[in-house]
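This report refers to the structure that appears directly beneath it.
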Amino acid sequence: MSATHGSVHSLWTVAAEAPSIEYAQLSPTLLVLGAAVIGILVEAFAPRRLRYGAQVLLAFLGLAGAFAAVVGLAVGGYATEKAAVAGVGAIAVDGPALFLQGIILLVAVVAVFTFAERRLEPTAHGTRVDSFAAQPAAVPGGEGERAAVRAGWTTTEIFPLLLFAVGGMLLFPAANDLLTLFIALEVFSLPLYLLCALARRRRLLSQEAAVKYFLLGAFSSAFLIFGIALLYGYAGTVSYAGIAQVVEGSVPSPSPALASAMASDALLLIGGALVVMGLLFKVGAVPFHMWTPDVYQGAPTPVTGFMAAATKVAAFGALLRLLYVVLPGLRWDWEPVLWGVAIASMLAGAVIAITQTDVKRLLAYSSIAHAGFILAGVVAVTPSGVSSVLFYLLAYSFVTLGAFAVVTLVRDAGGEATHLSKWAGLGRRSPLVAAVFAVFLLAFAGIPLTSGFAGKFAVFKAAAEGGAGALVVVGVIASAIAAFFYIRVIVLMFFSEPSPEGPTVAIPSAFTTAAISIGVAVTLVLGVAPQYFLELAGQAGVFVR
Amino acid sequence: MSGFPLLTATAVLPALGAVATAAVPAARRAAAKWLALAVSLGTLVLAGLVVARFDPGGARYQLTESYAWIADFGVRFELGVDGIGTALIALTALLVPFVIAAGWHDADPVPGERPAGRWRPTQGFFALILMVEAMVVVSFAATDVFVFYLFFEAMLIPMYFLIGGFGDRAHAAGEAEGAKQRSYAAVKFLLYNLAGGLIMLAAVIGLYVVTADQLGTGTFSLQRITEARAAGELTMAAGTERLLFLGFFLAFAVKAPLWPLHTWLPNAMGESTAPVAVLITAVVDKVGTFAMLRFCLGLFPEASAWATPVVVVLALVSIIYGALLAVGQRDIKRLVAYASISHFGFIVLGIFAMTSQGQSGATLYMVFHGISTAVLMLVAGFLISRRGSRLIADYGGVQKVAPVLAGTFLVGGLATLSLPGLAPFVSEFLVLVGTFSRYPAAGVVATAGIVLAALYVLLLYQRTMTGPVDKPEIERMPDLRRRELAVVAPLIALLIALGVFPKPLTDIVNPAVEHTLSDVRQTDPQPELPAVEAAE
Amino acid sequence: MESLIGLLVAAPLLGAAVLLCGGRRLDRAGHWLGTALAAVSFALGAVLFFDMLGRSGGERTLHQHLFSWIPVEGFQADVAFRLDQLSMTFVLLITGVGTLIHLYSVGYMEHDARRRRFFGYLNLFLAAMLLLVLADNYLLLYVGWEGVGLASFLLIGFWQHKPSAAAAAKKAFLVNRVGDAGLAIAIFLMFTTFGTFAFGEVLAAADGAGEGTLTAIGLMLLLAACGKSAQVPLQSWLGDAMEGPTPVSALIHAATMVTAGVYLITRSGAIYDAAPNAQTVVVIVGAVTLLFGAIVGCAKDDIKKALAASTMSQIGYMVLAAGLGPIGYAFAIMHLVTHGFFKAGLFLGAGSVMHGMNDEVNMRKYGGLRRHMPITFVTFGLGYLAIIGFPGLSGFFSKDLIIEAAFSAGGVRGWVLGGATLLGAALTAYYMTRVMLLTFFGEERWRHRPTATPAEPDVEPAAGRGAAAPGRASGQTAGQAAGAAAEPHPHESPRVMTLPMIVLAFGSVFAGGLFNWGEAFVHWLEPVTRFEHPHPPLPIPVITGATVAVMLLGVGLAWLQYGRRPVPVTAPRGSLLTRAARRDLFQDDFNHAAFVSGGQHLTRSLVYLDHTVVDGAVNGTAAAFGGLSGRLRKVQNGFARSYAVSMFGGAAVLVAATLLMRAV
Amino acid sequence: MNPANYLYLAALLFTIGAFGVLIRRNAIVVFMCIELMLNAANLTLVAFSRMHGNLDGQIMAFFVMVVAAAEVVVGLAIIVMLYRSRHSASVDDASLMKL
């Protein structure tokens, strides 16, 4: 589509030469989307028994390849001196973009592992099944579903959907004009809406989650596009650079219409606010957070993990680019507003989480609080602010993935036992799993020697340097409150007697094991020796324009 | 920078030991214990080397090590000890073996308890103790504020599991209730200290920002900052400095603990087993007072001077308040806890008296209080383990059936009330003299504390040890076993030795104290009349 | 020679260490070891004494610097000894009497299973006491000061299984701690004033300091002295201290430890001389206490308590004398020494009586014992004559000198003090005669008593405070306990016990005269304490005559009351004053009301406060957040449309805020 | 005619759509309201593109339509699934998860 987009420009650019597309720079996205398309074809033509293997392999290869491409580009210097705008101004290939794409791809690889897990669910009539619905279209508990289960069907479409979502996410933080931003948003949102609906157990909740996510997502994207329209009305262009120029008033010879539009900032301000709101919805910041708990709870846990990690990364990437490239001129307008949002998110997330009784909802609220922490780094409009956010996202996404992966292991007759009361005494029955989960919780709480602390420190440091000391204090208080409920879970797992009919911990296959161990490894490495990654994030801290 | 990284080794050995101990298979419980003991003894040897290699006359920080760590945060892994750090590292390394030996059976599975999967409490118990030791050593040796903070906070986690995971077997209110009390105590401990620590985090960040925009590059190096301050490159606005000071001080005051932030200590010490209680009050809490001396005074001299009056008052309140509450306790361990609060009041008082006697006294106090409380608490633990109750009322006449136990208990008590001839007297007297010479009124009030100390100690002794033996459980009570005596006797010997001849310790401590005083630009008040030579 | 000083302390210390850590294997010979070591240090003392006599007054003072104890910047505390005439006197008294009492205890504690530990404690006491008097600075003195306190605590509470004994021990230590606090503060003051607390330097520099400071120091030292020497207002512990075995009462609570206060005041003479107000307080305390003790002594039926009260009163004399300055110091010490002899003798005699009477302490159940225990009778009698100041015996000289000095205080002050001392003399004669008559004369009230069960109403009104006769029975081994109720068979004590009594009797007879021979004692002490001749307003003979007269008066009264008429076994209700005196003039009731119960209320309310307020604040915050959370989560009501509303509202706010930012 | 009027109309449509989302229960209707909002955006884009005299806005309108179509596909699928399992398309019925 970037090609078509190029031609759009050629309609009004003076010289009508054919647009040149830098396929190399765009290769990560292209690889993933290509793999996705192939995945669709596999679904269409490959026999059912082969699909699972083929899809897993395909997804893995596509993502790995894309990651390789990202690394290649970064090594090739596209993250720093060769950073450039590709795809006829549609896509930026620069440090933040590549760094975030790298994170997203890694997260996606791990997510593929959790998606492909087939040892947790009891075998349905001899065939191993994953945690996705046998026949999503069928009525829950209906004849159709039973038949599908009997036939041992599984929804292998999840892999192409995942790939499409990843493709959109790769595009999102790299989008260099508002249209691409919007398209990318939809490209990764739509598959997620569907994935949310595909849980094998508790399908009603899953469907409800999908409906809520879809309606609210569509609602927010409507705001987003309207905001885009207003920005376009203000600047007469949707390319970031162009808008930035207009904002700075450094346009060589503005047309009379443009001049009149530039006269009043109302369009700019309102439009900017609406676009920012669309992004804040995706990161789940207060007051646009309310979908988070329900969707996180209802969606299949692997999807939740993927969503919680990758969506945040992509959305914050886009937010950073928008604020730092397009609207730096308006800094004094949006900074206070984001202060408010950050404070509200930190406090509300932490406070409401205290009384949660469901692990997944608990993590959802904690993710809201973390969105607040990250925003604290965003509002520090400094290079160190950018790099701190990048680092935080890296740290946070893997902790989240790992935590949700552990949640998939704790099961009872009804599937995953997500109610906290069921987790009592887990530490006695299977200390290892409990210990791992404790590590993740401590990282969430930001206890030193975990990635959580390094991230929090980086973000707060940036905020303080950016003159947002008050924000740091609030953040500190919020983390103190947040510590309370993380600790509560640990107490529950280790210090309370296990109930006889408590859940069992399923022994996972290599997939989930790998996912969890990667999570733990990253958490500890980033906690103990973060320097290398901080440098990486530091180098990647500059946007191209 | 010495060739062999002695300090790092002192910290790494117990850390590795912890991992190894935790890895011991469930069946080989005894092996885990011996391993842990061996490791702690090895650490003691290393600490001994530290003391031996430390030259009181030498540079302020010795055995320094410095490795690049997190450049982006301006953090280097910098270690180094002055006399105070040396003394406290020695204390830590000294006490841990005794703690382990004293807790030998504390984590054995209850005979009735069903083997729960791969749950290995014993291994965990000793591994956690070693882990705490490692972290404490690092925080005593850290000369980089960030490094200190890191381990100061991380320390909470193993402590938290030690408190919440392992309590007295027979709990007065039944096992289930006991577990609840324990986890409550553990959570309280963690949240109190975490809250304090997080506020400190804000201050740490603030410190970075200040150094960053004045020195160009943000740094946490204690030496760098103090030098910069001395050279005038680094000047803080009074307001900023006070805020930062408060951020630091609050965290340390929670840890110390200072009134009114003390209420976690009685719960924590009451619910945890005696050895863990010793670990809390004799080792971990010392990090708080140590940090006041090294960081609050070292980094924020003006603010320290500014805050002194309030701190002194708080310290006095702690002394009297803690003692009075100790008198009012019904529970042996809680009594010791409140006694400790009173003693921490003395330590803080000595630190903020800003006299060389006061601060030397405070430093010695940290060490001696560690040893004396260890004796008292461990013997109390032995007593409790025999009777299965922490209530003073459940005892009486013990000295008739277990004279040695009673005797050691009495010695511990006398040390706690700082009887001359036992080590704590030296430190307490120094603190009092140091305080009196600057704040006479405060000195007098604090002196009232020694009377109250006598009151709660003797009440405890009278109610538990003396009187007729009218309870069957006590008639059957065995005297100290060989292991228990082996734990207590050396500590008592040490108390007496240091009480009679503290010179070796004071020699190590004095120069460090002088440095600290010069940091805060304070000099001792001079006597009214310089003493004339004795007319003989 | 200097090097011997350390050994003086070391010998008993070694004994204590060996006996206390030695374990059971020492049970058989332990007591002899203890006694031997006491004797050793006495021998050392004697050697040093003669060496000192060999030297001229100037360089009689010996110093021994062992090591620097607490070296801290600007603060020098050494372990160093100073042996001059004053400390020499004490050394001889302590080790001499100490050795005798060790010997006595061998017999007295024969049947006690824990005799070894008893001797360990005794040695510990000797060491501490010697440290106290040999220290050359106040800090080291403080060490000895608390050391004797500890020993006294251990020995009073030696029979710990008796709640009364344990309570008495605790009380003694606590009351002493109050005094110790005073001493500590005095030391702080010295440090801040002189920058040191070594005797030499402080005393030399004393008159240079401001009078206010010196007065403060003096009062603080006096507080310490009151605690240790059982002076009003810190006297209450001494009576209860009689719970301890009798040898302990004799050694610690009569002869040596309780006189430490006098030592302290005399030692610090230079300070007091420069602080007249402090001196005034000292003499007042002394005078009050000597009357207080005497009055209490008149009413006690417990022989040991009667003697304890007398001790209190006698020390009152000494303190008073010490408060008089140079005219009194020497006399104070002199009376201290003679008192050491006869009071120790009296206590040992009392012990011997109890030994023969199944540990009965109530004098009303004695009577006519002179026939059954002649040696005890004679020695006790000599001690008695000495203490009442019968002309020619020790007490006569020492006490008479103090009375003269008191009169010489000058002006009204002199008359008041003199009167007090005379009155004290009369009372002394009265209560001591009473003791004598009740114990050794009259009919044998211990024979066929109708009701000899422990249940019988106790003679001591203050039964609760532990002098209860039944309780005492368990003091010794079970065999004797059984005999408590049965009719006793008074018998003379074994040689090992009577020997010390005899020696002490000699002391109480001749010491006074010896000391007064050409004012030998005064001149001996003069270099240390300085001495001025008292110039009483009345001629000396008159005062002496008055003293003898009042003494005879007291004896006569006592004889009228207890000699002529038979004595009822159970005490009559008696006059208000009598009852008050029996209750130690209500001082315990006062302390209880003022401190004990008040303190209990304070601690209880503080415990409550700590739980509800200090702790409650924290838990309250936590609960508050919980409630807030509970309310906030209600917003998450599950309806997609309400979520949409919040989004819409949020968007509106966002836009509005952005525009507002621009507006302002 | 002044193109600004189209903007006012668009704003009106957008508001109507938004309120529709807030007040209507039936999922289909809610979804239609969202479509309305999208089209309001389209109208805005076109109007502005006219004002600025470049075609970006109109091109974008096409993209928005495509996206809207895709949303319809996904959205209807989900809503139908919901309807099948609950026999009701009311948004408010889907409120199992709360608090």
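Read from first to last, the chains carry the letters A, B, C and D; within each, the first residue is number 1.
Rule of thumb we're sticking to: a residue touches a chain if its C-beta (ideal position, glycine included) is under 8 Å from a C-beta of that chain, and two chains touch if they have at least 3 such contacts.
In this text, all values refer to a predicted model and were calculated from it rather than measured experimentally.
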### Query
What chain sits nearest the middle when you go by CA atom centres?
B
### Message
Which chain has its C-alpha centroid farthest away from the centroid of subunit D?
### Response
C
## Note on the structure
Larger contact count among C-D and A-B belongs to A-B
### Task
Just give me the whole-number Å value for how far the CA centre of subunit C lies from that of subunit D.
97
### Query
In whole angstrom, what separates the CA-based centres of subunit B and subunit D?
65
### Message
Based only on mean CA positions, could you tell me how far subunit A sits from subunit B in angstrom?
### Response
45
### Distance between chain centroids, defined by C-alpha means - subunit B, subunit C (Å)
37
### Summary
So subunit C residues touching two or more other chains come to 622, 633, 636, 638, 640, 644
### Message
Quick check on subunit D: which residues sit in contact with 2+ other chains?
### Response
18, 21, 30, 91, 94-98
## Note on the structure
Two or more other chains are touched by the subunit B residues 191
### Message
Output every touching chain pair, sorted by label.
### Response
A-B, A-C, A-D, B-C, C-D
### Message
Can you tell me which positions in subunit A touch subunit C when the two form their complex?
### Response
211-212, 215-216, 219-220, 223, 265-266, 269-270, 272-274, 276-277, 281, 286-288, 290-291, 293-294, 332-334, 336-337, 340, 348, 351-356, 481, 484
### Message
Give the list of subunit D residues in touch with subunit A in this complex.
### Response
7, 10, 14, 17-18, 21, 27, 30-31, 34, 37-38, 40-42, 44-45, 47-49, 51-57, 59-60, 63-64, 67, 70-71, 74-75, 77-79, 81-82, 84-86, 91, 94-98
### Query
Which residues of subunit D touch subunit C in the complex?
18, 21-23, 25, 30, 91-92, 94-99
## Note on the structure
Residue set of subunit C touching subunit D in the complex reads 633-634, 636-641, 644-645, 648
### Interface residues, subunit C side, partner subunit B - complex
20, 61, 67-75, 79, 139, 142-143, 145-147, 150, 157, 160-163, 165-167, 169-170, 173-174, 177-178, 180-181, 184-185, 187-189, 191-196, 198-202, 204-205, 208-210, 213, 599, 602-604, 606-607, 610, 614-615, 618, 622
